[in-house]
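Shared between the two complexes below is subunit A, which pairs with subunit B and subunit C, respectively.
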Partner chain A sequence: MARVAARVSDWFGAALWGVIQSGSIIVVLIGWELLARSGLFTAFLLPTLSSVLARVVEDAVSGLLFLDLSVTLYRAVLGFAIAAAAGVALGILIARIPSIHWLFDPIVSIGFPMPKVAFLPVFMLWFGVYDLSKVSMIVFNAIFPVIAATVAGTQGVDKHMIWSARSLGAKERDILREIILPAALPQILTGLQVALPTALIVAIVTEIIMGGDGLGASMIRASRYADSPGVFAGIVEIAAAGWLVIKSVEAIRRRLLVWHQETQAVSTV
Partner chain B sequence: MTATLWRYTPLLLIFVIWEAGTQTGIISKWALPTFSAVVAAWLSLMQGGELLYHAAASLMRGFAGLGLAIIVGTTLGVLMAWVKPVRLIFNPIVQLFYPMPKSALIPIMILWLGLGHASKIVLIFLGCMLPVTISAFNGARGVEPVLIWSARSLGATRGQVLREIILPAAMPEILAGIRTALALSFVLLVSSELVIAREGLGYLIGWLGDGGVYASMFAVVLTVAGLGFVADRLYLMLMKRSLAWRE
Partner chain C sequence: MTSDGGSGAAAIRVEGVSHRYLPARGKPVLALDHVSLEVREREFLALLGPSGCGKSTLLYLIGGFLPIGEGLIEVGGKRVSEPGPDRGIVFQHFALFPWKTVRENVTYGLAKQGLPRDEQTRRAQEFIDLVKLSGFEDAYPAQLSGGMKQRAALARTLAIDPAILLMDEPFGALDAQTRILMQEELLSIWQRRRKTVVFVTHDVQEAVYLAERVAVMSARPGRIKEIVDTRFSVSGPALFKSPEFVERVDHVWNLVRGEAIAAQGGAA
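This part shows the complex of A and B:
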C-alpha cells in the first residue's frame, strides 16, 4: 500500500514538474487564444488557437494530414537516405585515396558553405517540378555535411590501429569494416544529424515553391486562398514533423552509440 | 602559389568541361547555356546595375536579420544560463521551436508583413536567433564554476564576471553558432525571395528563370553561391583572429 502511494506520489511529482517546465508554453498558448479573441487583430492576421487546432484535427480526420505528412517525409527521407549512402561512401574515398581527395576537396569546400537553395530554379529547369527535382535538390543540400563529417571522422582514425591490423594480416575491406567505420561513426552520425533536418527544411522549401502536395504545398495553397487557419495549422503540422524527425534521430544515435562514452554527455544540438 | 593553383584545378576543370560540352552541343544549350554566355550575362547585369541593386537589397535584409538575431540570441542565451527564472521561462519555448523547419514561417511572414523588406528581415531574425541562443546558452553553461567562484571571492561584481569570464569563455561556442546562423540566413533569404518578393537576388533568379533568360539566371545563381561562400570564409577568418588569444 505504502509502495503504491509512493509510486503515485512519484508519478504525481513528475507530472507536476512537467507542467511547471512547460508552464511558459501553456502561458504562450493561452495568451495566443486571448489575444486572438480580444479583437485587437483580425481573424485573418491571427486566427484563434482553437480554430487552428480544430483545423489540424479536421485535416487528421479527413486523412489529408497523413497524406501530406507522408509525402513530405517520403521526399525528405528518400533524399536523406541517398545523401547518407553516397556521402559516407564518397567521404571515405576522399579521405583514403589521394587522387579522389585532389578532385573533390575543392568542390566540397566550396559547395558546403554555399547557399544551395539558389540552384532551385536550375533544378526545376533540368528535372521539372515533380519528385525528381525535389528529391535531387534535397540530396544536393544534405550530402555536404555528410561528406565533410565522414572525411573528418575517417582522417581522425588512429593510424596505429590501422597499421597494427594490417601487420596482423587484415585486408583493406576488414580494416574499413572493423576499424575505420566504427571509429568514425560518432562523427558520421553528427553529420547525419545535421543532414536530416536540412533534408526536411529543403523538402518544405521545394514544396512551397513548386507545389505538388506535401505539408509545404498545402500551406502555401492555404496562404494563396487567404485561409489563415490553414496557414497556421500548416505551421503546427510542420513543427510537429520537425520535432518527430529530430527526436527519432537522437534516439537512433543513442542506440547506435551505447558503447561510446559520448552517449553520456549532453547533446548540444 | 602553384600549390594553390593545383589545389583548385578541379574547379577550373568543371568550367572547362562546361564550356566544351555546351559549345560542342553534347549538352543541350536549353539545359545549360555556355559558360562564356553566362560570364557575358554577368558582365551586362553588372553594367546595367541590376545585379548591384538586387544584391544590395538582399544583403541589407540578411545583415539586418542576422544582426538582430546575434544581439537578441546571445543576450537571451547568456541570460538563460545565468538567471534561473529566465531559463525556466524560455527554455521550453526554445526547445519547442528549435526543431521546427524555419522555412515554414515564410507564408506567415508574408501574411503579417507583406512582400517587402520587413517580412524577410523578421524571418531571418526568427530563424537565426535559435541557433545563436542555444550555442550561447551551452557556451555560458560550460564555463568552469571555479573561475566564477574565484572571481567572486576576489570581489568581482556580477557584471565583471559576465564581461571578463563568461563571455570570453563562451565565445568559441557563440561564434560557432553564429556561423551556423550565417549559412541559415542565406538559405532563408534566397528561399523567401524566390517565393515572393519585389527585389533581391532570389527574386531576380526567379524572374529571369520565368522569362527564360537562362544565361542571366545562371549568372545570378552563381553570384549568390559565391556570396555565400565568401561570407563564410570572411567569417572564418574573423573568427580565427578573435580566438587567437586562446592558442
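This part shows the complex of A and C:
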C-alpha cells in the first residue's frame, strides 16, 4: 500500500514538475487565447487557440491529420535514414582514406553552411515535384551534419584506446567496428540529432513549395483558401510532431549512451 | 648491455634504434638516437628521463605501435613488427573502453584469445579481484575514480597474461596518496606474478623504489645515459628511510637534473 502510494506521489510529482517546466509554453498559449479574444485582431488574422485546437481535433477525427502526418513523417524519416547511412559511411571514408578526404573535405566545408534549399528549383527540374525530389532534397540537407560529426568523431578517437585493443589481440580490421565506431558514437548521434529536425523542416518546406499532400501542402492549401484556423492548426500539428520526434531521439540517445558521462548528469526538460 | 649473468636471457633487446617524428609543421625531429638496451627476463626496469626525452616513444616502439625506422627490437628472440598480446600495455590515461563495463573491458582480450564464455568470466573475475575492484564489475569507467580506472586497466592487461608488461607513466595522472598505494600494490602483484616490466616515469623516487634497474635517459635526442642498479637489502615502506635508498635516489637525481635543465632550456 505504502509502495503504491509512493508510486502515485512520484508520478504526481513528475507530472507537476512537467507542468512547471513547460510553464513558458502554457503562458504563451494562454496569451494567444486572450489576445485573440481581446478584439485587437480579426479572427482571420489571429484565430483563437480554442478554435485552432478544435480544428486539430476535427482533422484527427476525420483521419486527415494522420494521413498528412504519415506522409510527411514518411518523407522525413526516409530521407533522414538515407542521409544517416550514407553520411556515416562517407564520414568514415573521409576520415580514413586520404584521397577521399582530399576529394570531399572542401565540398563538405562549402556545402555544410550553404542554404541548400536554394537547390530546390534545380531538384524540381531534375526529379519533378513528387516524392523523389522531396526525399532527395531532404537527404541533401540532412547529410552534411552527419558527415561532419562522423569525420570529427572518428578522427578524435584516442589512439591509446586503439593501441590497447591491438595489444589485447584485436586485428587491424576489427578496430573500426569494435573501437572507433563505439568511441565516436556520442558525436555521431549528435550529428544525427541535428539532421533529424533538419529532415522534418525540409520535408515541410518542400511540401509547402511543391504542393501535393502532407502537412506542409495542407497548410499552403488552407492559406490559399484563406482558411486561417487551418493554417494555424498546421503549425500546432507540426510543432507537436517535431516535439515528439526530438523527444524520442533523446530517449534513444540515453539508451545507447548509458555508459557516457552525460547520462549520469541531470538532463534538462 | 651490462650483463652480470644468472638473471637469465634477454626478454627485450633494443639495438641501435633511432626514431624521428615529423611535427605538424617544420623539420623532422630526432627523438631517439641509436638507443641500445637489454631487458632481462622477469626483471623490473624503469625508463627514467626528463619530459620529451623519448622514453615513451621507446616504449611504444617495443610495443610495436610505431614503425621502427632504424635499428632492431627483438622480443623473446623475435623481431617486433606489430602489437601483440605478448606485450601488455598500461597507459597514463588508462585508455579503457568507456562503453564497456569493467568486466567487459577485462574480457575483451580474453575473447580475442578465443576462450569459452564461462572461462572468460571466471578469469576476468580473478583479475578484478586481484586489483581489488570486486563489486565494481558492472560499473562503467565514467563512474570510477582515477585510481580505480587504472586498476581496471591493469586487470584488463594482466588478464591476457602477457610475458611483458609495458607501463607508460601509469600513475602519473593519480593524486599523491593513490599513487603510493598503487605503487605498493603493483609491487606486490609483480612479486606474486613475475613478469618482465618496463616502467616509464619521470619520478626519480618512483623509479628507484619500484625497479630493479633504472635506465636514465638523456634529454632529446634520447640516449641511455646510465643504468643504475636499484636492488636493496631492505624492502617495504622502511626502504624509503634507509640510507642506501636515499643515497641511490640522490645519485639518480643528479644524473637526471642536468638533463632536465637541458630539456627546459631547449636546444641551446
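Heads up, the rule we're going with is that the second predicted complex is superposed on the first by the 227 of 269 C-alpha atoms of A that agree within 3 Å, B and C clash if a C-alpha of one lies under 4 Å from a C-alpha of the other, contacts with A are read in each partner's own complex, and residues count from 1 in each chain.
Here is the rule we use: a residue touches a chain if its C-beta (ideal position, glycine included) is under 8 Å from a C-beta of that chain, and two chains touch if they have at least 3 such contacts.
Keep in mind the model is a prediction, meaning the values are calculated, not measured.
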| item | value |
| --- | --- |
| Touching partner for A:I179 - first (subunit B), second (subunit C), both, neither | second |
| Touching partner for A:V258 - first (subunit B), second (subunit C), both, neither | second |
| Contacts of A:F144 with subunit B and subunit C, given as first, second, both or neither | neither |
| Contacts of A:G169 with subunit B and subunit C, given as first, second, both or neither | second |
| Contact breadth on subunit A, by residue count: subunit C or subunit B | B |
| Which of subunit B and subunit C A:L120 touches, first, second, both or neither | first |
| First (subunit B), second (subunit C), both or neither touched by A:H160 | second |
| First (subunit B), second (subunit C), both or neither touched by A:I235 | first |
| Intersection of the subunit A residues that touch subunit B with those that touch subunit C | none |
| Complex contact set, residues of subunit A against subunit B | 20-25, 28, 44-45, 102-107, 110, 113-122, 124-126, 197, 200-201, 204-205, 208-209, 215-216, 219-220, 222-223, 228, 231-232, 234-235, 238-239, 241-243, 245-247, 268-269 |
| Subunit A to subunit C touching residues, read off their complex | 158, 160-161, 163-170, 179, 182-183, 185, 258-261, 264 |
| Residues of subunit C touching subunit A in the complex | 60, 63-65, 82-85, 87-89, 91, 93, 95-101, 108-109, 112-113, 140-143, 153, 156-157, 160, 162 |
| Partner subunit A, residues of subunit B touching it in the complex | 6-11, 14, 31, 88-93, 96-108, 110-112, 134-135, 138, 183, 186-187, 189-191, 194-195, 201-202, 205-206, 209, 214, 217-218, 221, 224-229, 231-233 |
